[in-house]
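Okay, got some structures for you below.
Next, two complexes with chain A in common: one pairs it with chain B, the other with chain C.
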Partner chain A sequence: MSAFLRVAALVVRKDLTVEVRSLEVVSTTLFFAVTVVLIFAFGFVKEGVPMDGVAAAILWITVAFSGTLALGRTFERERQADTLRALMLAPADRPALYAGKLVGMLLLMALVELILVPLVGLLFQAPIFRAPFRLAGLLAAGTLGFAAIGTLFAAMLVRARSRDVLLPVLLYPMTVPVMIAGVRGTAALFQPQPDAGMAQFWFALLVFFDVVFVTLALWTFEPLMTD
Partner chain B sequence: MTTAVKAQLGIAALMFAASPWVINAAPHEATMGLVYKIYFYHMPSAWMFMLGAIVAGVASARFLFAKRQASDATAVAAAELAVVFGLLALVTGPLWARKAWGVWWVWDARLTSSLMLFLIFVAYLLLRQFGGPGSEKLSAGLALFGMANVPFIYVSVNYWRTLHPKTSVVPTLPVEMGIPLWFCVTAFLLLFLALLSLRATLERHRARIDALYLSHDEA
Partner chain C sequence: MSDFDTVTADGVGRHYGRRRALTNISFTARAGDIVGLLGHNGAGKSTLLSILGTLLAASTGVVRYGGMTSAVAGASLRARIGMLGHDLFLYPELSARENLVFFGRLYDMPDAARAADAALERAGLSARAGDLVSSFSRGMRQRVALERALLHGPRLLLLDEPFTGLDQASAAALVGRLREEQARGVVTVLATHDLDVVDGLLSEVVFLQGGKRVAAPASSGTLRDRYREAMHAS
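Let's look at the complex of A and B:
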């Protein structure tokens, strides 16, 4: 177990070092997320007033879009330098490599969400400080579910042709439950009379989703990544 | 083509040819009239869609974990059939819904989860088609994840919105309606099995030719 954690921590450290030196994925993903929110604002703000109940949807769609972009870029970098092959050749547990990549992805998306949530709150008058812990819980659980499937698929697609198109094509239908639960749960917190029970239900569904898919991903990473 | 497949195809063809008369013999339904008879094709298609999805998922798991090469061919065949029958179900469903509910589409749990599962299998075929070498493993992973996802999609859409007749309608059907229904289900099942074994054989031959070609190239 300690070897598993050590390998995962090493992979996270490697990814963070590469990212801190170039800031490539963080900066482009953040900028992309901001532009997506602005495009939504032009679509959903009428005469200076945002439409009712769109903030939650915009938040989650932007998380999904920027997450896809970040996943694609992260693994493209690994592919270009052929470092994913090197990782796979390392005498380490494959599931530990997956866990490391997943944690790196989660840190990246958390950073993006840290900017994204206040921006959505600001532009769409969403009450983000009404239940900050519930909102953070929903975002954490939803992001984990999205990233768990996304990391596995992006890693698998490294060797495939037309991987840029195929990642969202495979990822979006698969993460529909995350989107529904995330949007509905967040909307329950944002509505004029917040519904904590509803948010709780969606949070529980997200946690259950996370448990199933993280387990399944750890379990299938080895056979999927072996030639 | 083996004799069994030929026999299945022949019987299925005869049953499909006879099905308009069998369905016509079913009694009129009081509230919906003639239009409910779409149901005799709609429900078997939907069942074959589910069957295709399940076969593809199980075959993919066997391919991935037991490394059975032949299971991959079964998975492709089942996934293609799932898309074909899924499309049939998704086309006949709205035709019926327009008459029964007054709208073409409702965001009901069963409809939406069928649509999502359909999309997952379309994505599966896209991956097979454009993924290049090695995509059979990726698609097996996709089918496996798709299977695991079905209950989540169902529960989430169910709570998100829920008008579809419950499954419990089938055992309570009067006999005059039940016989044509099971007749159609049998016809669809025979067609499904025949196509599945034909397509899987084709896929196995294709994989074999690819392997032979590669080994000839290397020699």
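Let's look at the complex of A and C:
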């Protein structure tokens, strides 16, 4: 295994061990995500009938909000004992540390989405099983784009006093393209006459964003963390 | 692997916008030296340690590790640096052994598990190796953290307030451990307010005030007296 992958795998394993022991981030993020969806359901479902075309937007809004919470909590853990500095001091490729933290975030968000998607399907009568692989692809690509930028910003802000305010302020404008592509692609699958071509277009755009965001983040992680 | 036996700060400065955290700091530490960074809170001690540890880039000046700089040597240089921060750099949700094994593997040590066991033995914590760090007292955490910093056999050891929260016996044990590392030729730079504990331990003292180095007084009194004199004279 290359040194890059070995270090990334070490960080992922460590993060998973810590999370399995504490369940802190998973439980708070899941609770928050379910609460957000329920609140939207109270507003947009009348007599058991949801408003047209809101399911995709609600799904992605919840992914963004709960993802922001998870990012904040994950890096708060690294801040408390200043362990992020210990990671940065190790003779490992610093981008490999970023990659490890990113994969940990993706696994966490995937777990939340496993609960979130059926819940949105249930409450908003969204046809989540009509094109399950396309939906999974859109969610995976969108989550990667969101988490790639989010992990970079959360790591950068870990020592900033107003990090809880700054993270969403910086993150949401940067990830607007991902959110738009995710919502439009998912809406294309959820509409009464699904448009596979349109979903494919937005998926391709998401993959493009992913390539750009992950490349930029790997490239800028080390200089941003030492300056 | 990059190795060195001197560490030289040459005109090192660090600015945050218009605020100067450090200005033109120079000193040289040789193998076996224990250099003390002394000064009030906000004097720039932790900033200087971060720069020496390659965690922060200097705005002006350069740090030389033998003939290398951090910009050139990068990861191989970091393999020769051990750092103990004020916040200990340990995961409270992991056991002492898991912490040491994790960092040992991160440093690509061939047998991290055995090294971790030996380190816990040295720290007198073998019996608590499997306990979560969150269940440890401050003194026990400090001992694990010091072993974590020394696990990979660093050439440069950086310590930020290592005596904070330690009782007299633990502080004496830490001084003993630092003397062992001194005998091995490790360069140690430590920032501390515990002047009585380090009196007689330090090979050189760098007095800092407001981010600048102030001249060491010529008097030969206790370290506390010299500190007071240096701070009042500037």
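Here is the rule we use: the second predicted complex is superposed on the first by the 225 of 227 C-alpha atoms of A that agree within 3 Å, B and C clash if a C-alpha of one lies under 4 Å from a C-alpha of the other, contacts with A are read in each partner's own complex, and residues count from 1 in each chain.
Everything that follows uses one rule, which is that contacts are C-beta pairs under 8 Å (C-beta built on N, C-alpha and C of every residue); 3 or more make two chains touch, one makes a residue touch a chain.
All values derive from a computational prediction rather than experimental measurement.
Participant: Would chain B and chain C fit next to each other on chain A once aligned, or clash?
Facilitator: Partners clash after overlay.
Participant: Applying the document's definition of touch, where does A:87 land relative to chain B and chain C: first, second, both, or neither?
Facilitator: In the superposition, A:87 touches chain C alone.
Participant: Spot which of chain B and chain C makes contact with more residues of chain A, would you?
Facilitator: The larger set of chain A residues in touch belongs to B.
Participant: Classify the contacts of A:3 with the two partner chains as first (chain B alone), second (chain C alone), both, or neither.
Facilitator: The answer is second: A:3 touches chain C but not chain B.
Participant: Which of the two partners, first being chain B and second being chain C, lies in contact with A:22: first, second, both, or neither?
Facilitator: Touch partner of A:22: chain C, not chain B.
Participant: Of the two partner chains, chain B (first) and chain C (second), which one does A:14 touch, if any: first, second, both, or neither?
Facilitator: second
Participant: Mind working out whether A:107 is in touch with chain B, chain C, both or neither, as first, second, both or neither?
Facilitator: Neither partner.
Participant: On chain A, what residues does chain B touch that chain C touches as well?
Facilitator: Comparing the two interfaces on chain A, one with chain B and one with chain C, the shared residues are 227.
Participant: Any idea which chain B residues touch chain A in the complex?
Facilitator: Chain B residues touching chain A: 64-65, 116, 119-120, 123, 126-127, 130-135, 137-138, 140-142, 144-146, 148-149, 152-153, 155-157, 159-160.
Participant: Mind pulling up the chain A residues that touch chain C in the complex?
Facilitator: 3, 6-7, 10, 14, 17-18, 21-22, 80-83, 85-93, 226-227
Participant: Write out the stretch or stretches of chain A touching chain B in their complex.
Facilitator: It is residues 149, 152-153, 156-157, 159-162, 165-166, 169-170, 173-174, 176-177, 180-181, 184, 201, 205, 208-209, 212-213, 216, 220, 223-224, 227 of chain A that touch chain B.
Participant: Spell out the part of chain C that touches chain A in their complex, as residue ranges.
Facilitator: Chain C reaches chain A through residues 50, 53-57, 75-79, 81, 83, 85-94, 98, 102-103, 105-108, 132, 148.
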